[in-house]
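Two complexes, one shared chain (chain A), two partners (chain B, chain C).
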Partner chain A sequence: MPIRSTTMPIRRAVRTRTAASALALTMALTATACGGDSGGAADGKTTITLGYYAEAGGPADGTMRKLVKEFEKANPTIRVKIESADYDKFHTRLRTQLAGRKAPDVWLSDGVLVQEFAGRGSLRDLSGYASELNADDYLGVDLIKKGDPKGRLYGFPQGAQSTALFYNKKLFKDAGVAEPTADWTYDDLLAAAKKLTKDTNGDGKPDVYGFRSYSPSFVESWWPMVEAFGGEVLGDDGKVAIDSPGSREAFDWMLKTMYEDKVAPDPVTTEALGKSQTLFPSSVVAMQFGIYARIQTANQGKVDFGVAPLPKGPDGQRGDLANINAWVINRAAPDARAEAAWKWIEFFSGEKPQTDWTAIGEAIPINKKVTQTPAFLSPETPPAERKVFLDSLADADDLGLNPVWSEYTTALAEAVTGALNKESSVPDALKTGQDEAQSAIDRFRPAG
Partner chain B sequence: MAGAPRKTLRTPRRAPRSDRPAHSARRVERRWAMLFATPYLAHLVLLTAWPVLALAYLGFTDYDTVSSPSWTGLDNYSRLLGDEAFWTSLLNTGYFALIFVPLQTVVALALAVALNQKLRFMPLLRGAYFVPVVSSWVVMAYVADAVFNPRLGSANAVLDWFGIDPLMWLDSPVLVIPTLALIAVWKGAGYMMVLFLAALQAIPQERYEAARVDGAGAWGRFRHITVPGVSGTTFLVLVLSTITTLQAFEQVFVMTGGGPGDASELTVLYMYRQGFEYFQMGYAAAIAWVLFAVILVLTLIQLRLQKRWVHYA
Partner chain C sequence: MPEALVEQPRVRPRIRPRTRIRFGRVAAYLFVGSGALLMVLPFLAALFNSLKSHAQYIEVPPVILPDPPQWSNYSQVWDRAPFGTYALNSFVIATAATVGNVLSSAMVGHALARMRLPARGALLTAALGTLMLPTVVTIIPSFLMFREFGWLDTFLPLIVPFWLATPFGIFLMRQSFLAIPQDFQEAATLDGAGPWRIFTRIHLPLVKPALATLSVFTFMASWGAVLEPTVYLTSPDKLTLPLGVMGLRGQFVGNDQLVTAAALMSLVPILVLFVVAQRYFVRGAMSAGVKG
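Right, the complex of A and B next:
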């Protein structure tokens, strides 16, 4: 009995202590997991998490890391923790992080996704911060504001992309075709494409195509053509408006290039030839519509190339488009971290970082002063005519931004790709695409 | 008789005393059992039961993963009925299963029969067929590209020897699903082959010897002894393959992204897009439940039909 009477309380006490320890540990873990961290640290530094997409170890990643170090040196009270991955992985992870309330404090967003995050209440309105700056000193602020129904600024420009006609100088010279000019129309483009298309091995199939009509990257394919032929994808009222005579004309023109004149590879051949973005760098096509970032891939292919404005449609419109990639700040970030994040954005928009960023040829600098410097206008690599992108940006429309951009543009793309594959007629595809894209927009319910 | 009641009365007093150590041992055993089962139970409750319950609830909500879910009743399910893209994905999945399931079963059985020999290097060969099973889909995608790339792949080189025009394989809306099924068989048949090998080795050799004595040929022995002998495993392989196919995701995600167009958009990929690309987790949950119902019905049908052709002996 004495043994029992002493043993049991000890066991009970051990159990109680164990349970208490487990409870304490659980509470500690829960408290840690729930956050509530203001961002301050014992050493007085504020740590922010910075997310961006870039190929690991590539020039963009290297430059960004260098700039982060410079930023930390210039702002000794701020520490930056980097979270980077390639484009797809970054965005997949980001969506999961947002769901788990673990997203970075500030991240680089593809311009077309800013409204997707903002529409779901994930972003801070930067209008207050940006009021300290002169918006006229930066490119793209107006296009980001245009995406929000109330004109709020949910992202600050990081780099701009606009469209131009890329052409292979050697292939033009070999075919004896005059290089494109700002006066070119779609008829001129087609005429040149016919002369540039060559079957060099005599197997009855072109080995060099004059033009790349189709690309899954529709900003470099059917979207500018629709606009140039007088159609539009998203109307000013926010409704999908692709089912129009202008759009039909644009798609008929594309079909003609691929199946009738055979001066451009059809979608299946495009993929089979090695995916659309490899055709120009490997000189399989002599011309393509491309955004500024395609300069990098063309230079990797060691192509001697130039750029010209997009050709004019029947009414003289070019259908220029722009996408402004932007820094966004997590709405869930506490004030101290949000302010530190804004300091990073301000720093990145400065002349020195923008000049460094321009050197990698990934985007048009958003700092207007830098766009007038030799760093941008007199580059060491082709094309020499970088101003073409600035002019295009000045005339450009946005990419029909809204909170369901990915979903509605996928619905459109799937429908029109069917027509471009000749699986459906153009009128049917445009009607289906318009209905499905509009349904996606109508289904959306704003956060809150 | 006088002693009996006393005995009866004494028994209950003694019984607990004599059972006490056993009872106590059982109690200790139960505690240990509970302790060892706790990780599994915690896993079951936290990672299976709770998510399933949450999924059931989310199917009736509009949930963008950032804001709180809002109750929308049957909206997601009624949207599913009219969602052509969903039905296309379900049809694509069915088409994929129709090619993949029988093909994998036949190939796995053929491989197992061929490799069920007592020859030198046989373990090495069996291992070689198992390598794709343990390879990731990313690696498989690279290897498959070396075979099915329309310009550089070996498949078109072989066709070229016979004067046949090159095919577009994964880039063709018509060929993409059959090509994906072929690649999936290549990756999955090794595992099913191992199951069949185990079943083949469990068939008593006496049956083959008796059949041989009775004059049965190789085909006769295969048809009347091997096939019924492995029917239990064949059933297992069919059920597992069907479920695997209906849940297929990685392969199309890595190899085609659902394309060209929506030609290889399988249901789980479509569900993934809704949840993780379009922030529509409620709708994705509804798709998951419909897919679960489809898998359940198909499995029940298979269970019902097995009585007609499966022999457990």
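Right, the complex of A and C next:
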């Protein structure tokens, strides 16, 4: 038998005990965090799960949590459990939760996704609830209804986005160019863009571009241009209709700005300069089409800027577009929870919560009374001309909503970006885009 | 040519070898130093970016050094979300998952390498076959299963699967056990050791490097996991560090400087862990040579 040190068993025992203690501690902490929440109503309260997307600890998240507390105070029989995450993670989780029938009772949906959820049978029709309200008091109800073939209301407006022309006042002043007006046409835009484009260091490449033509966020790029030049993306019959003379004219105009007149960065340069949404806040472009929420990014860049209506196309059309983000109620939610969820929606649509939400500057309030208050019309931060967004919203078309919006617009965007990169011709890209987008729509079969 | 001059013994200047050595060393240091600098550049860029204001962050052409440094970015991150809780959650999950995976994969790997089992090869092939399935394919069935178990919004879906062995762990451990000479097992058997004693006293100590490797891989994978925690965890106090970092991203607002600061802070716990534990990993690797 080998001779063993007498200290060995003691050391081993100590080591074993230390390891065991560490493991026990880990397991204890794990067990502490492993208690599930049944969400029961043992105290007679109805607990609803509220889902929304926002950056953690940011103004939107903070305001939403504050409003939830006020709602609970005003409705003592309702308790709200919050499930929030950033935009991407929220939707990744939501889609899995819907498949597993464990989605929140009420959640904030990007307006373009309402029909995706409705078409798969995940949402309650809110028409009955909304009939108690005067629809004329709220913005965006009609645009949400328009997305459903039968005109049902699958979401109630939470906040609205419409499009406008953002312009950098300092760059305009430095170049001696008059600021945009409501009468501007695409020719005026191009003429101003030429004067605003500057190569300050003489390396043969512009350091300031007059306009941002291309953006992967197509609502702020080719979509309104197509509509302004007389084309359309989705026809009234629900068929993709982008392959038209008007669309070709719009894309030819974009190509001219990027490759011929060189007053706008092409897609590759856009990425190289730091992505499309940083160009205006960093004063690399003097003008861009933007939705209301871009006010936040422009202000973050400390840009002195204004907004004007989108320019008019050859036939006087502006191609205004709007997206109405909406509260939706889970179809799987029992009646009691669905009613409590509707109370939350009613509360959020009220004047006080809408005023608080307006202060963030993320969306146009959907309560019409609030849109006429100084909280919206006379904000502390630029731009002063916020009425431009209301006018745009009044004339706006929706974004060709249907249950496969993400799929068909992705197919379209891939095809037309090829043309904007000069990898394919405009007619070929439009034909390919139309065929592939239509296939995506045709493949879908609505639930039940 | 004068003879004396020809016959003069050649005396090598003593300084020459030293110079050569010094020059060689300097060249080596320069080479290694420039390599190290190259490797550390992305980290420095992240550090500088984390100290910029958003306006500076998006400036074109980009500025390298923050002016002035926004140290408040780091305090803002802490104000916005409970990063201490997130770090503790990540640590608990990663530790429990690592312990579970190392134990279970070692046992399964040992059984497949050293025990006579029916359809041993088929079992291994089936386990390896699951490696071909991306998580995104299995996430919904897994979600349904964990929902039935009542495990949603708990740490269990992120830990328990690791206690049931993972395909990579099984493969790694099996290969390591296969490399041990059969003689050890036979000698132990002659001395009266049973399968459990052979596993724990003979074989397991001989595969310490593989155990260390599996520990590191599992810890890293669990620490950096995004999809599963996103889907299974919903309560703010149960989120993990990667979710906390990404949660700072705004849909419209640019928070890149805060996200970078948070990402750098999230590196600290794992860096500390590896600095503290690296000698154990090295010792584990060396022990194979000594005991084998």
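Here is the rule we go by: the second predicted complex is superposed on the first by the 408 of 448 C-alpha atoms of A that agree within 3 Å, B and C clash if a C-alpha of one lies under 4 Å from a C-alpha of the other, contacts with A are read in each partner's own complex, and residues count from 1 in each chain.
What we mean here is this: contacts are C-beta pairs under 8 Å (C-beta built on N, C-alpha and C of every residue); 3 or more make two chains touch, one makes a residue touch a chain.
Here the structure is a predicted model, which is why all the values come from computation and not from measurement.
Legend: residue contacts after superposition of the two complexes on their common chain; A:Pro267 is shown touching chain B, with no touch to chain C.
Touch counts on chain A: comparing chain C and chain B, the chain ahead is C.
Within the superposed three-chain model, A:Gly121 lies in touch with chain B and out of touch with chain C [touch as defined at top]. By the touch criterion defined above, A:Val404 lies against chain B but remains apart from chain C after alignment on the C-alpha atoms of chain A.
Touch criterion met: A:Glu414 reaches chain B, while chain C stays clear of it. With both structures placed on the common chain, the touch criterion links A:Gly350 to neither chain B nor chain C. Judged by the touch definition given at the top, the superposed model places A:Arg445 against chain B, while chain C stays out of reach.
Residue contacts after overlaying the shared chain place A:Gly57 against chain C, while chain B stays out of touching range. Shared-chain residue A:Ala99: touches chain B and chain C both.
Shared contact residues of chain A with chain B and chain C: 92, 96, 99, 273-274. Across the complex, chain C meets chain A through its residues 54-55, 58-60, 62, 79-81, 88-89, 92-93, 95-96, 99, 139-140, 143-144, 147, 150-156, 159, 227, 230-231, 234-236, 238, 243-244, 246-255. On chain B, the positions that touch chain A within their shared complex are 62, 64-67, 70, 79, 85, 150-151, 168, 171-173, 260-262, 273, 276-279, 281.
Those residues of chain A lying in contact with chain C across their complex are 22-23, 26-27, 29-30, 33-37, 53-58, 60, 82-89, 92-93, 96-97, 99-102, 273-274, 277-279, 281-282, 284, 293-294, 296-297, 300-302, 362.
Per the touch definition, chain A reaches chain B in the complex via residues 92, 95-96, 98-99, 116, 120-122, 267-268, 271-274, 404, 406-407, 410, 414, 417-418, 421, 423, 436, 440, 443, 445, 447-448.
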